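Chains here go by letter, A, B, C, D and E, matching the order in which they are written, and residues are numbered from 1 within each.
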Amino acid sequence: QEREALWQDVQERGTLRVGVAEAPPLMVRNPATGEWSGYFIDVMDGFAASIDVEVDLVETTWGNMVAGLQAGRWDISSALNRNPQRALALNYSIPIWSYEIGLLYDVNNPLITSDMTALEDFDVEGMTIAVMQGASGDLAISPQIEHARLLRLDGANEGRLAVISRRADVFATDSDIHRITVAQNPDWAAQVLPSPAISKQGIAFGLRNSVPLEDIQVLDIYLEEQLATGAVQRLYEAAAAAMVE
Amino acid sequence: MAFVEINNLIKRYGSLTIFDGFDLTMSSTDRLVLIGPSGCGKSTLLRCMMGLEDIAGGTISLGGDPYITGAERGKMTLDKTVQKEVGMVFQHYTLFPHLSVLGNLCLAPMRSRGMGKSDAQDKAMELLKRFGLGDRAKFYPSQLSGGQKQRVAIARALMLDPKLMLFDEVTSALDPELVKEVEQTMMELAEAGMPMMIVTHDMHFARNIATQVVFQERGKVIEAAAPNDLFGNPKQDRTRDFLKNVLNIEG
Amino acid sequence: MAFVEINNLIKRYGSLTIFDGFDLTMSSTDRLVLIGPSGCGKSTLLRCMMGLEDIAGGTISLGGDPYITGAERGKMTLDKTVQKEVGMVFQHYTLFPHLSVLGNLCLAPMRSRGMGKSDAQDKAMELLKRFGLGDRAKFYPSQLSGGQKQRVAIARALMLDPKLMLFDEVTSALDPELVKEVEQTMMELAEAGMPMMIVTHDMHFARNIATQVVFQERGKVIEAAAPNDLFGNPKQDRTRDFLKNVLNIEG
Amino acid sequence: MNYDFSWFHVERAFPTLLEGLWVTLELTLWANIIGLVLGFIVAIGMMSKIKVITWPLTLYIEFFRCTPALIQLVWFFFCVPILFNVWWSAQFMGLLALGLNLAAFNSEAYRAAIQAIPESHTDASTALGLNGLQRIFFVILPQALLLAMPVLITNGIGIFQQSALVALISVEDLMYQGRYLSSQTFRPIETLTLVALMYFAVSFPVSLTVTYLERRTKRLLAT
Amino acid sequence: MALDFAFLLDFRWVLLKGLWTTLQFVTLALVIGLVWGFVLSLFRTSSNWVIYSLSTIYVEFFRGTPVLIQLFWIFFCLPLFLDVNLSDFTSVVIALSLYSGAITSESFRAALKSIESSQHDACIALGLPPTVRTLFVILPQAVLRAIPNLLSNVVSLFKESALVSAVGMADLMYVGQNIANNVARPVEILTAVALIYFAIGFPLTRAVSFVEARLLKVVKA
């Protein structure tokens, strides 16, 4: 396989193209202005500045995060979960965040009681668990489920819709996303953070297989420093605060 | 009492009055030919008799039985049993293109008379043979010539053993060469004693087949007479004018 | 030398041979009427003369000029300049539905003769007036009666000042009442001295308009004569049979 | 080209894709049955002069003709349970949405075909003593079917193509399996190319058959 | 749950902007598709075997495979094959134009086929050269006859365009989803978006019936 000189190309172009999809508060699209914010985007801004280029955000959906990267529509897929299967087809930066899968449910749903805390409690006959097709929730949950039914849907909206319409009893995805849903719909929405946690995957940046490790190291070194100085944590807190207000 | 009796027929299309008290009678041994200028209501008359048009007044009787009674308001009353004893053949064949010749003939007897399939087919084959169409039973209408189509249409109407046949310009859409075969079929039917009412523009045929010719204009009977009288010695000026007009190209 | 001369014409549709060495001549003062049973090749002959059909052999000449020469293999040769001197009117009008009457008349002179717009329109209006259609210039074909459509089609062909006009059953698709107006238009054209070849099933009209009648059957001329001779005293048995067949309904 | 094609995973996944294709075909078949039958009933209803019948039918037809099929499916799947308190399976809801969508389009095709049947056939039926129902069944329906067949089949293939949308409501059709596999193997480009070819492999022969049938019916119905 | 449509008012401009994006690329795709479709329809009536087969396969491919896959393919596979970079907007316009060309060509083809051969005969009898025949006699009639069908295609393309949200194009559908993600009220949003599509699509289909009734009366002599 050909090796590409990613940063050289990026610097020649002057822009770093980053594939983004909605995952508040990691990445948020403001519906009123169409502008993106979120701490993953802030991190990218910082990195781009450090190699002296501009960030060019390319909007996509979670289902196309890998395809668009492979097709060269953008250089970096932002906020991908690291897992071994994906690593066969992609390269990763070091993780800068770890996420937790939360289970969103309808408080009026009689199937769900307050003593259900582990994923096994939900993995019973008659329970339907919605996940976002191809997203980390899907990849993490699917292998662990034996009795419950899985409902693979396109996006977070459909997941929420599934819970509202009782197509699904719970919707498993990033707990940060659920936090917003609960805040906006206090009348019915609630979430459980299962313990033990469902998956302990890091969230990182994805790059094409053809990007050489030397180039990835450039990104990793930058991220390492941001983590060490606590900059990432500060960015997260700012973004999360902005979301909930 | 006459076989066919039309009494005080009133027929309107919206505000256009076609018949305003029209009377006509015909005996069961008659073959009545209707002639008249375009738009005078010949087709309308046949359609009324067939029960295809809602009439606003008057009665139409067959064998003394008033099977259609007009109503000024609301729908006319129509006796469907008697209606089924009238057969009609149209200018444009109106064969059903999705059915074979045999299918066209058998549809009505099987579906509206409850005749068995093999009985219907036997009867159909007999009629087709009589009309020289025995070898066309399995053909579809699109595979027939115009003359053949029209003869099939006549046979189809005969499948229900009508007591009266109505023919509305059945040869007008045909190539001149094909007119004769259809007219022959009708002649044969006439010889077999079928009562008929015929609308045609072909004066020669009218003369040959009619026992009575009715000349109508603007919804009124102007003159009714035996063919030799009406064609040879018309009493009314208007009849004379009409005949002159129609026949002069052939002078 | 004859005005129109068809020599040894060979025409095939696939393996079906319509003409196998057909000859015909016509003088410039003639109006030739072609009669014959359905399928004998009357339309095909006119279509060949118009250059609409690829012929496999023979020549067709106009004014001594062989403008169509058949070829057994490959395409015939066709002189387009002479072809434009022949006009043709079809059974089904073939007016252009998206153009007004005026537009139909002016299209060819403007686009293929390079006539100016106002010249073409003046000429068109003159022709339309002559045919009693002056008030229909802005109408679309769909707004005209069949007889009017056919007269417009004749006017359209005349816009190019043809030296020879071909008419293929131009009244067959018309209601009987409308036939006369079209035939009158053709009579008028005949009186103005236009050479014509006419296919018609109307024997009375044929007799009135023709200076020469040609009876053909299966791609062969059986008999050609002046109309009174051919209709009054046909020489050939087949002509007699044909005429008897077509005319006897009118006996 | 800067991409290594790898067909290994896709090859392994082929049986799964075939299962998906089977579901797609089943959906298409049933949606077509609904579309053909219901479409005709709606077309007949639309011929009625009674406003109480035609109004709701018009609303139904226009809703399905004027909104994206994507929204119809999602709406059926999620909003119907919320609003009407009924829970039917995803497969059934998908089928219902597709079937109703197709019926709306087919009813228009039928309507055009019925209008193309000469009015004189109604007269001829009356003259032959056929009643209203017999006329509809033995004279109008068969001709409407024949005349509308090219459009009906085109619509039918269209539904085959559109049925891919049910993947978005987790019906395990060909598209769903394709998307699932591509997120499992991270070989979206190969998987979806193969899926596209599989759709084409079904629709192309069908479409050629339509062209052929179209020519034949034209000849039969030519009068 | 209680439905509450009031909050949508805050987003009316955003939704309109999404609609505007939709209308932009749909219009572009329609115009390109119209020209491309006419060319294709001529290819499909060609007597050249190769041109005929290729154009037939092209048309059948785009009519017979899910538009979702076509979009995906143009977005992610075409850049790999051509080794070029295409913007989202360009990709969407390309994908929808290719699709609309295929469906448009069918409308034109049907219209061309419906013109009787006697019209050609009449042109020859009037001495009209082939270009005049095509431009002044055949094309206007074909366009007139195809108009109802072409308008229906406008409606279908407009609707199908909702799919571009699936590849991340900020059209009406995508904006709707974005709002729903933000306020987490998908039912209201979905219904509102459906109504917006309907509000555009419905007058268009009415126009189709109107044109059908009016135009065809003139053209069908």
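Rule of thumb we're sticking to: contacts are C-beta pairs under 8 Å (C-beta built on N, C-alpha and C of every residue); 3 or more make two chains touch, one makes a residue touch a chain.
For clarity, every value in this text was computed on a predicted model and none was experimentally measured.
Visitor: Suppose a student superposes the Cα atoms of chain B on chain C; what rotation angle should they report, nearest 5 degrees?
Guide: About 175 degrees of rotation relates the two copies.
Visitor: Please identify the chain with the largest separation between its CA centroid and the CA centroid of chain E.
Guide: The most remote chain is B.
Visitor: Specify the chain pair with the maximum number of C-beta contact pairs.
Guide: After counting contacts between each pair of chains, the winner is D-E.
Visitor: Greatest Cα-centroid separation from chain C: which chain?
Guide: The most distant chain relative to chain C turns out to be A.
Visitor: So, what's the distance in Å between the C-alpha centres of chain D and chain C?
Guide: 51
Visitor: In whole angstrom, what separates the CA-based centres of chain B and chain C?
Guide: Their C-alpha centroids are separated by 36 Å.
Visitor: For chain D and chain E, what's the span in angstrom between their mean Cα positions?
Guide: Distance between chain centres: 19 Å.
Visitor: Two-or-more-chain contact residues of chain A, please, as numbers and ranges.
Guide: In chain A, 63-64, 67, 70-72, 154, 158, 161, 164 touch at least two other chains.
Visitor: If a residue has to touch 2 or more other chains to count, which residues of chain D qualify?
Guide: As it turns out, chain D has residues touching two or more other chains at 2-3, 74, 78-79, 82, 168, 188-189, 192.
Visitor: By the document's touch rule, what are all the touching chain pairs in this structure?
Guide: Between chains, contact exists in these pairs: A-D, A-E, B-C, B-D, C-E, D-E.
Visitor: Using the touch definition up top, name the residues of chain E that touch chain A in the complex.
Guide: Per the stated touch rule, the residues are 1-2, 10-11, 13-14, 17, 72, 75-77, 79-80, 85, 88, 165-170, 174-175, 177-187, 189-190.
Visitor: Could you list, by residue number, the parts of chain A that touch chain E in their complex?
Guide: Interface residues on chain A, with respect to chain E: 21-22, 24, 28-32, 34, 58-61, 63-64, 67-68, 70-73, 154-158, 160-161, 164, 180-181, 184-185, 187-189.
Visitor: In the complex of these two chains, what residues of chain C are touching chain B?
Guide: Chain C residues touching chain B: 37-38, 172, 175-177, 179-180, 183, 201-202, 204-205, 245-246, 248-251.
Visitor: Where on chain B is chain D touching in the complex?
Guide: 47, 50-52, 80, 83-84, 86-88, 90, 92-99, 107-108, 111-113, 140-142, 156-157, 160
Visitor: Residues of chain D touching chain E in their complex?
Guide: Residues 1-3, 62-63, 65-72, 74-75, 78-79, 82, 157-158, 160-162, 164-165, 168, 175, 188-189, 192-193, 195-196, 199-200, 202-204, 206-208.
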